[in-house]
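Chain IDs A, B, C, D and E follow the sequence of writing; residue 1 opens each chain.
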Amino acid sequence: MEVTDIRPILAPAISFACTGLVFLMGRSTFWRRFWSLGAATAKLVVVMSMLPGTLKGTVYVFKLLDFTPGIGLGFRADALGMFFAVVSSTLWLITTIYAIGYMKPEHAKVRFFGFFALCVSTTIGIAFAENLLTLFLFYETLTICTYPLVIHEETPEAMKAGRKYLTYTLIGGAFVLLGSIVTYQMAGTLTLSKPGILSLSSGVGPLTWLFIALVAGFGVKAAIMPLHGWLPSAMVAPTPVSALLHAVAVVKAGAFGLLRVIYNVYGVELLKNLPVINWLAYLAAFTILAGSFIAIYQDNFKRRLAYSTVSQLSYIILGAALLTPYGATAAIAHIANQAFAKITMFFVAGSIQRTTGKTQIHELAGIGYRMPFTMAAYTVAALSFIGVPLFAGFVTKWYLSLGALQSGQWWFVLVMVASSLLNAAYWLPIIYLAWFKAPPGTRLELHEASPTLLLPTLLCAVYVILLGLTTQVPGLPFSLAQAAVKFVFGM
Amino acid sequence: MIVHLWQNIDYVASVVLFCIGLYCVITKNNLIKKFIGLNIMETSVFAFIVALGVVDGGDAPIMGAGARAPFTNPIPQALILTGIVVAVSTTALALSLVIRIYQHCGTIEADELREME
Amino acid sequence: MSQAFDLLLVGLLIACAIAVIRTKDLLGATIIFSAYSLVMCLIWLHRGAPDVAMTEAAVGAGVTTVLFLVTIGRTVRRER
Amino acid sequence: MTPSSLLVGIIVVPLAGAVLTPVIGGKAGKHAWTWATTVMVATSVIAAALVNQVARTGPFSAYLGGWERPYGIELRFDEFSASVAVICLLGLLAIVFSQKYAAKELPPARLGTYYTLLLLNLTGMLGFVVTGDLFNLFVFMEILSLSGYALVAISGERTAEMAAFKYLVMGAVSSLLVLFAIGLLYALTGSLNMADISDRLTGSAEVPAMLALALLTTGFMVKAALFPLHVWLPDAHAIAPSPVSAILSGLVVKTGLLGMIRVYQIYYGAKVLDLSSLNTVLVWLGAISIVMGAFFAIFQEDIKMMLAYSTISNIGYIVMGLGLASQYGIIGATVHIFNHALIKATLFLGAGALIYQTGYRNLSDLRGVGRSMPFTTAAISVGAISIVGMPPTAGFLCKWYIALGAVQAGHPVFGVALVFGALFIFVYYIRMVNSFYFQAPIHPEILEVKEAPLTMLAPVLILAALCLAMGLLGRIPLSFIEPAVTRLLGTLGG
Amino acid sequence: MKRALTAAFLVLVSLPLLYAMSQLPQHGSATSPAYTHIAPRYLERGPEEAGAENVVTDVILNYRGFDTNGEVTVIFTSLAAVFAVLLAGREGDERSASEPRARTTPEVSPVASFVVRLLSPFVAIFAVYVVMNGHISPGGGFQGGTVFGALLILATVVLGKATAEKLQPARIRGLLQAAAPLTFIAVGVAGLIMFGDYLAFPKAAALAWVRTLWLIVIEIGIGVGGASIISAIFWQMGGDR
């Protein structure tokens, strides 16, 4: 059931307005904080207000204007989009609180908060995009407006990382554009629909090449190997940005784009006949393992997190590439599971850096005694990644394995197991270091991070546990994921 | 074809002059000389267009006592009147530029100017 | 007869053009160019285009030549 | 006012304004700015009325002297002529912008002449796009070219004069090629009216028709600065005063392309030749232009030089779109003619404001200027994003359409070239944005510079806003131009 | 090397040109499209419907008057362009000031001076004749104007700029230089108001004298404008020194 409603556009518009207000009035600390927090809250309220309807199967639609004859700037909040929107608007609020605390000593705060809000605005735009062109529009805008955040430090290293980031993502964007053009030429429309834009098309050759182009385009941001190179170097950005980049906005925009390609551009039925989808699954499996391997050898905390992200994102892609309902459930749910766990990790890394100045892992010995709450949150997130039951990560792995079995490709279960072991191999040493390896001879005083840093961290950790404990509570992302799967598979 | 061209000697002359002019524009180093070449090109095109209006045994298209047909075609002539004025306008501007360039650089040879840049 | 006269004029025209680009002395080249214009003017008169011929005489052979002369006067006389 | 008198007015009003500028402008052009602004406002009103008219009723004509086609000169206003709106808008804004700029950067004695020439240049372009007569087109082309050469040289710098001379020689040769072709077409058809030529060209000798086509194309492509005929452009556009650069880069080079559209109208209608080989050449040259322009732009330090090379790239887009000869391609190319004008004017005027305020024109010298001139640099950034073709700006839709046209024409490889060419362009614009905002200033005093005065800032901001608006409301020009393109290709006969 | 290459290139270019020329309608043919399409009407009806016995004048001032309107604009543009390039530039000032002025006014022989003085009135009358009779004989506004301009140039060279400038009072010089386009605009707008089309002449047979009058008005405008502009360009380019 489709209902015309202003809320799908209101949500990105709120953040957009926030950008303007921050740029205009942001020189005053109060107003900068006021607008950032106010807009984040307002947006969360707007998004959440659509949730009951979405769970019942209502799709909110809003057509803004026609770009070109036939293709418009349209917004459409279906279950899949809502899922992404709920996750990102929740995390925006939390990250904003964290950023206010974290950015206190930094320069150019107006620019930072302005573009920060703009990023979130475009993320919601991606979530609610009604057609591929609107999606592309926000996808590219996201690229542009994260650039000032990546190079925030303005050091040569940051500039280099920014260049690398732009090179990768813009080439990706070009592929998306080409893919959109070919799609439009083949189907005559770009409106994302349930059976898939191309579901009526035939011809394996062009469809395969088109699929490769679109996967390459969205895969850059989703950091599928070998397109992941930008991500670790973008770690020079301030921590809230890394959190936003790696947990919410950028990488998930890529992953979300891939979900859209698989479910709404091609459609499950069409893809089942294309062998190329299997190769995507193999690539994802390879990325899961290779990303973890590399992560083991990283000593910089944030770089380890980055490679972990590379690995984790491919869970989403693998789940989608399985083309089964369980796989899809895992893929969609992992958007939230990975987001909350990874953002917890980044918050921890940031808090440690701000409070103690430490950025390397070997320096973290005994940190658990100095910052017990922070490290407790870390432990929760780490256990989630490893896939211990009762934590969010387990849910993903469980459904992903079910999906693999459902599709008859049981060897992916082995990939899951191997990944869990690898995750354990690089997360547990930190726990060990933090809690059990106090450096001899130094007195460890309790020196916890400031409340604005600690509170969001703990909040996210709580979410991680909550997501692992309950899968059936309406209003939490998991039920929404199931609604999305029902919608996609027509169940 | 040769015979045909022989009969259309005006057209051939235009092409030859056009090429001579273009040769001058391309190869000559002196700015004034370049522009003389351009003027030759211009007149060649004018000659071509005027030749289009010619009629065998045609008279100037001026009516009045004693005039008798056939008359030449007045349209190409009208066009060329405009063309000539355009040509002289371009020449005036070009030569003004040459004067200024000489004042600034003390030379009007293209290669020496290029070295100064 | 008329054909022969035509040929003579056209030949003269081309000869003038070649002479113009071969003359190193800019003043000389300008004068020859002026002669070239006058030949062109004759051809047009012969072709029944007196208006064009008159304009060419006044503008092509007259004004253009004067402008070239002024320029040569203010710059250099010889081409290198 | 009848449509035909409006059509006459769009040429006569600025023409009268131009010839009266030395009289009314007073000594040393004291009132010239006020007068020129007034004239352009009046002209803009006429342009708006004309565009409105063509949108309501379709193409219409004015027969000058009351002589019907083909005996007199016809002014023809079709959808392609709607570029008068852009010409007037840009002309007006450039003139407004000039008030302070020209007073500072030009020799005072030349001030009155400057406005005269600007108005003449605009008159030439307006005439060029509305005339329906081939020879009349040539005459207006000469008006706009002559005034263009002079405007390049007007600053009196040595380099400016040399650039102007280079521009003049190439421009004059190209004009001659066009005139030669007009002669050939006249010999074949006995007519000078474009529609009439198109009718009568059917079935005439192929070789001269082909030669005429080749000459016209070469002539117009020199004016449009398509690679490899672009050599005159970078110097001329970079060294000219900024408002002039905006007009030259935004409008004057486009007249070559609009001329090319007229050529297509003649030849597609006449069906005398198969144009596919010409189109192939144009598409390839367009692709090479995109890459070469972008490549050279990367190595430029001077901000205006960089912008000049980027014009070559963008001309490549347009020529490619025209050469693709598919519905989408031509629509995209035509709309890019308008949009690129807006974008490039934003950039050149913005750059002019920076140069005016800081006195620097190299990117490295301009580091940190984003802090002291936030509005100007923001506008330039919008222009930069737009010219790269990022959504949702004006540049994007054209790129989208031209690439779509490539796929539609069965040459997706050119679509790929185009999309990746745009990335190339991004490389140097990001350099510019970096130096504005993200790099420590070399000259600390640049942080003390004030924002540009209102007469300079307002045009830049208006243009930047239009770059955004044309991206969001791109449907309007696209659907406006569509019937004209359908007609053009309809005459192609499938 | 460059020359040889250029020459070879041009020979190559000229071959297709010549080939195309050979495909054109025969030179001088009375059945070519150029001669059978529009020209016959001009030749047959020109004098009566356009107002001049000289059909070329009919074409340039009436049938295709707008071209000539453009043409006079071109030459006005050229004047403005020459001003733009040559009017005192900032650093150019000292340069031109330091140029030796010694050679500026060469000695003029009394004979030349006398001849010019003697001839001037006749040349002037000839110029006026060319202008005024443009509609019935070869010549017309621009040719006459050029002749007059030549006279001014001659006067400048022999008698000095001051004498020549007397003919163009500084106060109205701007108007004189713009005379040609302004005349066109005036006649054009008058036509627009009275007959509904820009540059329209009265069509009624009884008004033939008005047609001719308007032609002469335009011719005079072009003549005045042409002469002023040509002499102004000459002065500006420094021919007065």
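We adopt the following convention: a contact is a pair of C-beta atoms (placed from the backbone, for glycine too) under 8 Å apart; a residue touches a chain by one contact, two chains touch by 3 or more.
Values in this document were obtained by computation on a predicted structure and should not be read as measured data.
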For this session: Average the C-alpha coordinates of each chain, average all protein C-alpha coordinates together, and give the chain whose average is closest to the overall one.
Result: D
Exercise. Based on the averaged CA atom positions, which chain is farthest from chain E?
Worked result: A
Exercise. When B-D is set beside B-E, which has more C-beta pairs in contact?
Worked result: B-E
Problem set entry | Longest centre-to-centre distance from chain B, chain (CA-based) | A
Seminar exercise, completed: So, in whole Å, the Cα centroid of chain A is separated from that of chain B by 70
Exercise. Quick one: chain A and chain E, Cα centre-to-centre, how many Å?
Worked result: 74
Problem set entry | CA centroid of chain C to CA centroid of chain E, Å | 19
For this session: Would you mind pulling out the distance in Å between where the CA atoms of chain A average out and where those of chain D do?
Result: 44
Seminar exercise, completed: Touching at least 2 other chains, the residues of chain D are 135, 139, 142, 146, 149-150, 153, 156, 161, 164, 186-187
Exercise. Hey, what residues on chain E touch two or more of the other chains?
Worked result: 17, 19, 21, 24, 32, 34-35, 38-39, 42, 54, 56, 64, 67, 70-71, 74, 77-78, 81-82, 85, 89, 92, 138, 142, 233, 237-238
Seminar exercise, completed: Within chain C, the set of residues that touch 2 or more other chains is 50-51, 55, 59, 63, 67, 70-71, 74
Exercise. Where do chains touch, given as pairs?
Worked result: A-D, B-C, B-D, B-E, C-E, D-E
Seminar exercise, completed: The answer for chain C against chain E in the complex is residues 50-51, 53-55, 58-59, 62-63, 66-67, 70-71, 73-74
Exercise. Touching chain C in the complex: which residues of chain B?
Worked result: 9-10, 13, 16-17, 20-21, 23-24, 28-30, 32-33, 36-37, 39-40, 43, 46-47, 50-51, 53-55, 58-62, 71-72, 77, 80-81, 84-85, 87-88, 91-92, 95, 98-99, 102, 107-109
For this session: Using the touch rule from the top, collect the residues of chain C that touch chain B in their complex.
Result: 6-7, 10, 13-14, 17-18, 20-21, 26, 29-30, 33, 36-37, 40, 43-44, 47-52, 55-56, 59-60, 63-64, 67-68, 70-72, 74-76, 79-80
Seminar exercise, completed: So, in the complex, the side of chain B touching chain D is made of residues 18, 22, 25, 31, 34-35, 38, 41-42, 45, 48-49, 52, 75-76, 79, 82-83, 86, 89-90, 93-94, 97-98, 100-101, 104-105, 113, 117
Exercise. For the complex, which residues does chain E have touching chain C?
Worked result: 54, 56-57, 130, 138-140, 142-143, 146-147, 149-150, 153, 230, 233-234, 237-239, 241
